[in-house]
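Submitted below is the structure of interest, expressed as structure tokens.
Each chain gets a letter, A, B, C, D and E, in the order it is written, and its residues are counted from 1.
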């Protein structure tokens, strides 16, 4: 049984439909890349998984449990961690408060997050809104890790990060996967990086999953057709 | 034609239709109510320019409403008692001419809005709400304790002011005046919202930083909007005073500001006809529920609550749906 | 004016300030921290006072009356939150204004329905009645000192809750981005209901405590509402410290304005008009203070943003 | 040699104890793309704000087109021809995509105190807005509410609004962020062509784009410019590699 | 002899001041009970002047009433009375008597069945002068009713005013004023604080331990309010034209009937409402309301058995009546008033001279 399984998801924002049938499966401890051009429905899929948006058809199963009737906070408590698009740090709160606001006990704690992102450690009492863009990104990742999820969803988590930090994060992702058995669903624009860490990939095109399979079989022609690389 | 346009036409027709039917049935009081609705809608249209377009939640619009009212009260009471308003340095006489009174009401409230706006617009959000409230309250307490024009007792004007060619004491004719002004102002406000100024003002509400980076000054846009808004509400105040032939500090009280705001929210914030719908509904409720029970405010409250909970975007929002971005 | 009288008036101002804080404390939670515009705050204050007066009338016990005030206001608060406010979080602030305005109508007239149109009797308990002698020879009502004490305790409690506890952090996070804090696994709805009920309970407590030396009547909450908003805005929204400082500033301004302005105007005006003009300016003084503060600090004394 | 269009001399800015901008001097020549790179929190966005006028400098001067604009606020600088895009999209979210660009055109045109003629019937403004949308490839979305755009589409709209201003200089804070690979590629080509219209001061973490576009690159670390040079010089600079690029030059 | 009369009553039935309006209404209804010629239409003005004016128009234009009554507050009366009399309708005031309507603004159609606003204060000043009070401290809210009241007191008071404070309308905390009172060498505090303001002041004054006499007009010590003040009010002297212990048959019947009908003690507002209805019915028995001159003459006769005892109209249609001094006492568990003397007999207002009608 898969850790996460989406079947035939359709979803709309009010009158405008964004997803037209998304299928996705992810095993425990696996890293899955969710890919597609801008506006194809990646973030919407993630919103459906963490119940920020209710699907109009289809099912979402997590750990054998139907997430359909659950409110967002219960889905999170079930083990979903989210680094949302656009960071969404709690602006008026300090770095420390952002990190502990929703923390749950587990392997990840404040010290460990600060060790991963030393810049955050130096700024514990700074207001999140005044952090640089990249620092906010680190904070959003740290905040999600502090909830000690089983599945971490990274929506453009490396956007705006300096290359060195990006490399650190990918290294951290690789470590997370290897050592703590954390499953990840990753949206990112860098195919090269994803090839390194992801086990499998799903490609969205106009709100439909058009390709899915193991990362190593994703060939250049498909990538070019759907991702334009 | 969109649903909203259709609805607007209906709303626009509702007041004169009511007034005409009442006229035919010889129910002058219903005409008075329609007139009241038109005047309060006018005040709401004024507020809506600041509130709906500019995002300036002013809880001090009673200041302008009251200034308009007192412009009428003071001028007319001097005319009534044949005493000049001022003798030095030059002579100012009272007047019973509506046109002059309107002019004075508009200019006074515009100037007040300029001063209050220039100070208040340094703040934003709830701070703005409260600072405008503060200015309103200052005028209220001033009016209450200033004995020259009646203080809390207010001022009675025994006869309605004059408008060339019309008998203003005849309810239907006075209605025509009030509604005519409302129509003109609605037209103007509608154009303003779609004009360059409206686009920039509304953008400043959504994102001031964005407006600055395209080289426009939000402060100036807002101040101009606030002045226009205050002037319209001031004009409504003068009409309201004439409707009642009476002014008192209640016109300055924060309840008045709140009520005008309720009209706007009830009808639909930022909708051109929102205040018309809101004022008409509110007055309808007030006068039909009033007879039901001593505790009719409970019913009024429940009805308002139902509207907020189940009618998103006010009456117009519910009936016409989400705002369609203008073409 | 003698020095001792001036000192006494300053003390009165401070006392009034702390009393204002007590009245504003609930609103500080609901409005300052949760970011909800709750015009019905004054109604909850009134609910507390009426519940206290009713229970004190039945049982004769002030302690039971206070418990009743807390319970009734908290219940009313929780009910409001569950039935009304909950549906309005993701709406425009203005919808909250309209909804809570409607609630004022319902509460005021509902209370009149239940308790009649005449003010109720609620008095300070005998043990706390009467004045005591302060150092310096000032006679001061004991009950007012108790109010100061309770006010400061509440201030400390609320400050601790918001600034130091995880619940406080979560509430503030919810105010910044509700959807996000929920997506991180916090049941923000339940939390908000609880905090709203707590804010309501504080309003009710204030209503009962202050009602004992004021008049318990329909509409008693309205001046409180405005004062509480003034206090919070002067102090800076979201800051408990600000609310306390704001309260004391307002208390001092109002008290000393009323005492000092009429004679001040008397120094350059005719006596008869000086009292009236002086008093008129005094009634505006807290608004003048607020405008002054906001002109120099557009987001209040301790406002972050 | 031609004069620089934009010249920063000895700019400083501190937040409390933190020196976010530390004695920065930079120039931007007509026709060039000058990239500004550096670790997160190095002070790049701060510098952009200082140039655009959103943030007062503690000391130093900003000269633009031969004129000292240090004392001016955002609005006059924008009017003078500084066009800026934000790192985090800053748009009028309730407006349609087209309205956002028309707003830009209106800013360029001035004359905002007009109360009567419908602005969306003003051919000149609308055409200019549409033209900008076309250049970034958002024509299809023109009638959509901006709030309904995906993240990447908003990033493109940011650029489009800057275009309508026809600025003399572009200040772009991470325009590629959030764009997918194809989007980045497209925008890279577009910016390449844009530099003839007006030079660009480009803050970007996308090294493919930076190396492809930049005539000159300055590296900012802890608020200081530690190196300025061509792409090749920067790639070879060991301090830059350690502080910023890491293994990136493999690309 | 009289036909039917339609009466429009506009009074405050909702919101903070509703208690007064309800008492006026109940008193009126009690006195008019069983009179089939008297048709009553009641409207709630919510204490808003503009609503009151509009209701006036409604009652006159749509309901076609002949007589209006009911207004509680001076500022509403200032709005309604001119509007009613200008349209040729009678107005009988059951409460509120602003000076403007007693003097220059008087009208043949306007009758005040309560008092001119200054009456209680003038009587208070007289009584104080005659009862050895030398130094008073005056306090009232800063609005016309307050300042006029204090002026009325000073008009007749012979002693010294050692302090005079005008508070914010609606003020609820009086610590500062009480400190001033304590510091002054006044022997008596004379104050007018209507409604909740008076309750707050009295409770706080009692708790402060300041030992001075307290006096005021009846408004702050009426039955509806005393219950909320409790023992703190005991011993306070207040002037009133009515008290439930006035010894005459009409009053005894009124008090008994009122308690039987509504289950509570009547207030002075109830008494005024009651008298208003009696006056109206006395005139109805003499003239047809359609004949305005005759009806006016009938009203002027004031030929009814007032619960206050002797009652007559001065030429400006304002009462000539005794004003009593009452003291707050406790009867069993109930805090109430007892008459201790007449403060001013056959009191008449001073504005009549300006009234030209």
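Definition applied: contacts are C-beta pairs under 8 Å (C-beta built on N, C-alpha and C of every residue); 3 or more make two chains touch, one makes a residue touch a chain.
According to UniProt, the chain labels map to these proteins: A = Amino acid/amide ABC transporter ATP-binding protein 2, HAAT family; B = Amino acid/amide ABC transporter membrane protein 2, HAAT family; C = Amino acid/amide ABC transporter membrane protein 1, HAAT family; D = Amino acid/amide ABC transporter ATP-binding protein 1, HAAT family.
Only a predicted model underlies this, so the values are computations on that prediction, with no experimental measurement involved.
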{"item": "Lowest number of touching-chain links that must be crossed from chain A to chain E", "value": "2"}
{"item": "Contacts common to chain B and chain C (chain labels)", "value": "E"}
{"item": "Target chain D, source chain C, minimum contact steps", "value": "2"}
{"item": "Most distant chain from chain D by Cα centroid", "value": "E"}
{"item": "Pair sharing more residue contacts (C-beta pairs) when A-C is set against A-D", "value": "A-D"}
{"item": "Mean-CA-position distance for chain E and chain C (Å)", "value": "34"}
{"item": "Averaged-CA centre spacing for the pair chain B and chain A, given as whole angstrom", "value": "51"}
{"item": "Centroid spacing, where centroids are CA-atom means, of chain B and chain D in whole angstrom", "value": "44"}
{"item": "Shared-contact residues (touching 2 or more other chains) in chain A", "value": "none"}
{"item": "Multi-partner residues of chain B (each touching 2 or more other chains)", "value": "141, 144-145, 147, 295-297"}
{"item": "Per-residue overlap in chain D, given as positions that touch at least 2 other chains", "value": "none"}
{"item": "Chain pairs in mutual contact under the definition given at the outset", "value": "A-C, A-D, B-C, B-D, B-E, C-E"}
{"item": "Residues of chain C touching chain B in the complex", "value": "37, 84, 87-88, 91-95, 97-99, 101-106, 108-110, 112-113, 226, 229-230, 233, 237, 276-277, 279-280, 283-284, 287-288, 290-291, 294-295, 298-300, 303"}
{"item": "Complex contacts: residues of chain B adjacent to chain D", "value": "188, 191-192, 194-200, 202-203, 206-207, 209-217, 221, 224, 323, 325-327"}
{"item": "Touching residues on chain A, where the partner in the complex is chain C", "value": "50-52, 71-74, 76-77, 81-82, 84, 88, 90-93, 97-98, 100-102, 104, 127, 143-144, 147"}
{"item": "Complex contact set, residues of chain D against chain B", "value": "52, 54, 74-76, 78-79, 83-84, 86, 90-96, 99-100, 102-104, 106-108, 110-122, 143, 145, 161, 164-165"}
{"item": "In the complex, chain C residues that touch chain E", "value": "1-2, 5, 8-9, 12-13, 15-16, 19, 108-109, 112, 116-121, 123-124, 129-131, 139, 141, 143-144, 212-220, 223, 255-256, 258-259, 262, 275-276, 279-280, 282-283"}
